[in-house]
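The following blocks contain the structures, represented as structure tokens.
In what comes next, chain A is part of two complexes: it sits with chain B in the first one and with chain C in the second one.
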Partner chain A sequence: MLDILWHRLRRALLVILGVSLFAFMIVHLTGDPAVLMLPPDATIEQVEEFRQAMGFNDPLWQQYLRWLSKAVRGDFGLSLRHQQPALALIAERMPATVELTVAALLVALLLGIPLGVWTGSKGNSLPSFLGSIFGLLGQSMPVFWLALMLQLLFGLIIPIFPLTGRGTISQLVMPAIALGLYTTATIMRLLQSQMGEVLQQDYIRTARSKGLSYTRVVFKHALRNALLPVVTIVGLQLGTLLGGAVITESIFAWPGVGRLLVQAINNRDIPLVQAGVFVLAIGIVTINLVTDLLYTWLDPRIRLQR
Partner chain B sequence: MRLMLTCKRALVGVCLLILVTSMALLAPLIAPHDPGEQNLAARLQPPAWLAGGSLQHPLGTDHLGRDILSRLIYGSRISLLVALIAVAVSGTIGTLLGVAAGYWQGRIDSFIMLLADVQLAFPFILFALAVMAVLGPGLRNVIVVLGITGWVAYGRLLRAEVMSLRAREYVEAVRALGQTDGKIILRHILPNVMPSLIVMASLRVANMIIAESSLTFMGLGVEPHIPTWGSMLADGRAYITSAWWLATFPGLAIMLTVLGVNLVGDWLRTTLDPRLRNTV
Partner chain C sequence: MSVPLLQVEELKVHFPVRGHRGQRVLRAVDGVSFQLSAGETLGLVGESGCGKTTTGRAVLRLVEPTGGKVVFAGTDVGTLSGQSLRRFRRRMQIVFQDPFASLNPRMTVGDALLEAMEIHQIGRPQERRAMAQELLVRVGLNPDYLERYPHEFSGGQRQRIGIARALAVQPQFIVCDEPVSALDVSVQAQVVNLLQDLQQELGLSYLFISHDLNVVRHVSQRVAVMYLGQIVELATVDELFSAPQHPYTQALLAAIPIPDPEEVLRFLPLAGELPSPMEPPVGCRFHPRCPHATAACAGEAPRPQLITPSHLVACHRVRQRREEQC
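Moving on to the complex of A and B:
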């Protein structure tokens, strides 16, 4: 297990290094970062002065090493618009994004698992068919459209939830559903097909022939095995949720990192974009690492192999 | 029973796709109005079945008095065009990298898979938004961004497939006969990974349609003057309280198209590649 941990950790560090290279390169994609970061009406002298001050005339690898050495100390420079340290701005907004992502994940787990188990254990029946329809529709709906429709239905036509903002539970409901529905559908579809397959296995038949009740067989024997792939999906979906939060936060005026980054992108506030992209990517790498280890630990076939 | 059910679903999917493709191909013939034609006197007109609506604009008009049905019809062109080209670009990149990683393995494989892991560490939409912000909005840039960012799914799938094929006896036999790597890949490996590639490509079309509309919705996609479903939704967002139809119809169009693609993709998966049956 320690070997696996070391191997995965080393890999994660390499990925973070790659992520840092991309975050650094964002600003160099068009060739001249000074032109990108300054307002369009900046004079040639101002551009040259800025270029000199920021060290953009140095070789690229020197700039990268300088940027990386600062980044590992949490220094991404000042946000061009807010004139505050970029990382501090990200840290300030992070709790809101975590709150929304966790709430969306809860929605997905609390709806997706029971629906997946229920429809998956019913064979070719109406619940199974309806579950499939729900799964397909859930995966076909763009997050931003679902968000707008929720606002229209439950914010305007039947006004039971506030349209925007953060602070109360009722303000969390619509963004969490909008963000979590795709993952709900994904978990449901996966579990539905897993349950269908696991319930055909010999050991399930043996358990049934021993006289165990169908409910006990489903929950005690089938679900435990069918849930394993869900662990991986949940880990991968957390990345999707963090990405989806970028759009959801903008629509519901949720004061999180996603909304801040969209504003930063629109304002070409590159230090803030770099800090946000880097921090979110590190978050996703960490989540993937934990998921990977959790999966290894949960599955005795992998755990005992090493 | 299961196959029959899948076939029925596939039929629904095929019908939806025929509808959208016909709309895209026949847009100039079937659209009742020019999609850019403004008529401020008829702005925010509701759909025909509501009070104040008229059959001249069956799905109503937007804030500039443009016909929503015509814009929906023309919008299908961009959605399909971007999705298909982006799938072709990302599929080509993913195939090249995936086959290289799976066939030659070793350091090439480690490097390509590291590249894939790095890309997966970025939330897709954030990655695309950041790149679009630097490159600037535009149809070509959207295709470039979606094409470049979408390769990982193909790369990982093909790497695994090629690794397994490479170890087969028939591949070893042709290698022993002196065939070059290039010929082995082209004649003996690629034809065998085609079914998986087709399935993956079909499912990725759906992702690309949503990705394009998301980017355009966020104001960093296709140029504003080109009618697209994403831009129609973005326009409609401001009028959600007074004119619900502006945001509702383009969203429905996206959802039904993606649903059609997913249904056909699922059917292809079940038919062409039994190993993928239980993945989501």
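Moving on to the complex of A and C:
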């Protein structure tokens, strides 16, 4: 187990190093950083002076190492717009994003798993047909459209939920559904097909021949086997959810990292963008690492292999 | 013959099949009758798709029969439902063909055995682990294997686990559905011998389904030959193998490879393919492939007839020959 952990950890570190290189390069890929960071009316002398001070004349690799050594200590520099440490700004908004992501995931799990089991254990019938339609719709609707439609329907026409903002539970409902519906549909479809397949297996017949009740066969023998791919998908989807939060947060004026990042991009606030990308990337890599480990714990067959 | 433990009468299993030509019916099992005494092994042979496996499953009601009756130890299995059926499953068990697919990959051997015992409340809770270990020893495995998962075992070992699992609920009757055909030849003999030893010790009855005639000959007291969902011949092992009456049985026996180049083919080989069980031939189902078929064979289905007290055949020609002799 420790062996696997070490192996996976090394790979995760490699990915993070790659992302750091990318985040660093953003500055240099979008034009002359000194000009970008200074106000438009700065004189040539001021620009040159700033370039010297920031070390933009040094070779790239030196700049990268310098930037990285600061970054790993959490120093991404001051946000150009807010004049505060970039990481602190991100950290301040993080709880809101985590709250939204977790809420969306809860929606997806609490809706997706029961729906998947129900429609998957019914064979070719009306529930399975309706489930397929729901799955198709859920996966086809873009988040921004769904979010706007939810706002229109439940915010304006039948005003049950507040349109924007964060603070109360009722403000969380619409963003969480908008963000989580795609994952709900994904989980449901996957589980539906998995259940259908697993229930055909011989060991299900074995379980029935033991004299187990139908419920016990479905939940104890079938679900455990059908759930495995769902774990992988949930892990991958968490990354999508974190990324999708950018759009959802902007629409619902949710004060999270995603919205901050969009604003930072609009303002060309490079230190803030770098810090945001870096933090989100570490989050996603960590989630994938945990999924990997969870997978080995869930499937005893993987435990022996590397 | 003593009172049979299992009595199957006119068992039928039809599956609706929806195709481009509308709803049709696949007659997997179409009127199968046989009896089985306590401690006896009845072999059930036939080629792929003739309904052997479906017969075995329908007897246990793992597949719902469309018609007919299955009486086990005086109880009509068809009348049971819900909990009473689940309780009844304790007395009739099955060993599946594929030992790789029939064990839940996410359960240890111990979980699989203990679950069955818990459901049927066999033994006291604190005794069950010891009982499970005893079962493993009984099927020739190490008692420490209780903690292991199915994927850690070889095919033969898994089939032993499958047998232990069936035995966990202390059944009287086990359907062995091709229990050795997925195994290496060297392992087949071990598992067959194990099944026979267990039968001796525990007084079990087997319905032994196989397409391997040599194995069936070795384990069975009586053998039933199935063709397209029906039994065409049923006799004691000696009679069936020494004096097969039905042309299909004769062809099957002729197809057993004999390791002797000098040996000549004793019977005519079969022509043609197995017809579709969705449109079985009218009259005798075997007549399109039968080397001795006459006009009568295409007209009326032959009724099974006893030609000796222990030999049942469904063939017009056999009946005619016997009438001529009389």
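Worth a mention:
The rule we apply is simple: the second predicted complex is superposed on the first by the 297 of 306 C-alpha atoms of A that agree within 3 Å, B and C clash if a C-alpha of one lies under 4 Å from a C-alpha of the other, contacts with A are read in each partner's own complex, and residues count from 1 in each chain.
Keep this in mind: a contact is a pair of C-beta atoms (placed from the backbone, for glycine too) under 8 Å apart; a residue touches a chain by one contact, two chains touch by 3 or more.
Computed from a predicted structure; not experimentally measured.
Partners chain B and chain C, once the complexes are superposed on chain A, both fit on it without clashing. When both complexes are overlaid on chain A, the residue A:Ser213 reaches chain C alone and has no touch with chain B.
Of the two partner chains placed by the overlay, only chain C lies in contact with A:Arg224; chain B stays clear of it.
Judged by the touch definition given at the top, the superposed model places A:Leu2 against neither chain B nor chain C. In the superposed model, A:Arg205 makes contact with chain C only, not with chain B. In the superposition on chain A, the chain among chain B and chain C reaching more residues of chain A is B. Angle at chain A (Cα centre) between the Cα centres of chain B and chain C in the superposed arrangement: 80°, in steps of 10. For the pair chain B and chain C, the minimum alpha-carbon spacing after aligning on chain A is 7 Å.
Overlaid on A, the two complexes show chain B and chain C touching no common residue of chain A. By the touch criterion given at the top, residues 201-203, 205-213, 221, 224-225, 299-301, 304 of chain A touch chain C in their complex. By the touch criterion given at the top, residues 57, 60, 62, 85-90, 93-94, 96, 98, 101-107, 115-116, 119-120, 149, 151-152, 162, 165, 169 of chain C touch chain A in their complex. On the side of chain B, the complex with chain A involves touching residues 1-2, 5, 9, 114-115, 117-118, 120-127, 129-131, 133-135, 206, 210, 213-214, 217-220, 233, 236-237, 240-241, 244, 247-248, 250-251, 254-256, 258-259, 262-263, 266, 277-280.
On chain A, the positions that touch chain B within their shared complex are 11, 14-16, 18-19, 21-22, 26-27, 29-30, 36, 124, 129, 132, 136-137, 139-145, 148-149, 151-152, 156, 186, 189-190, 193-194, 197, 233, 239-240, 242-244, 246-247, 250-251, 258, 261-262, 265-266, 268, 273, 276-277, 280-282, 284-285, 288.
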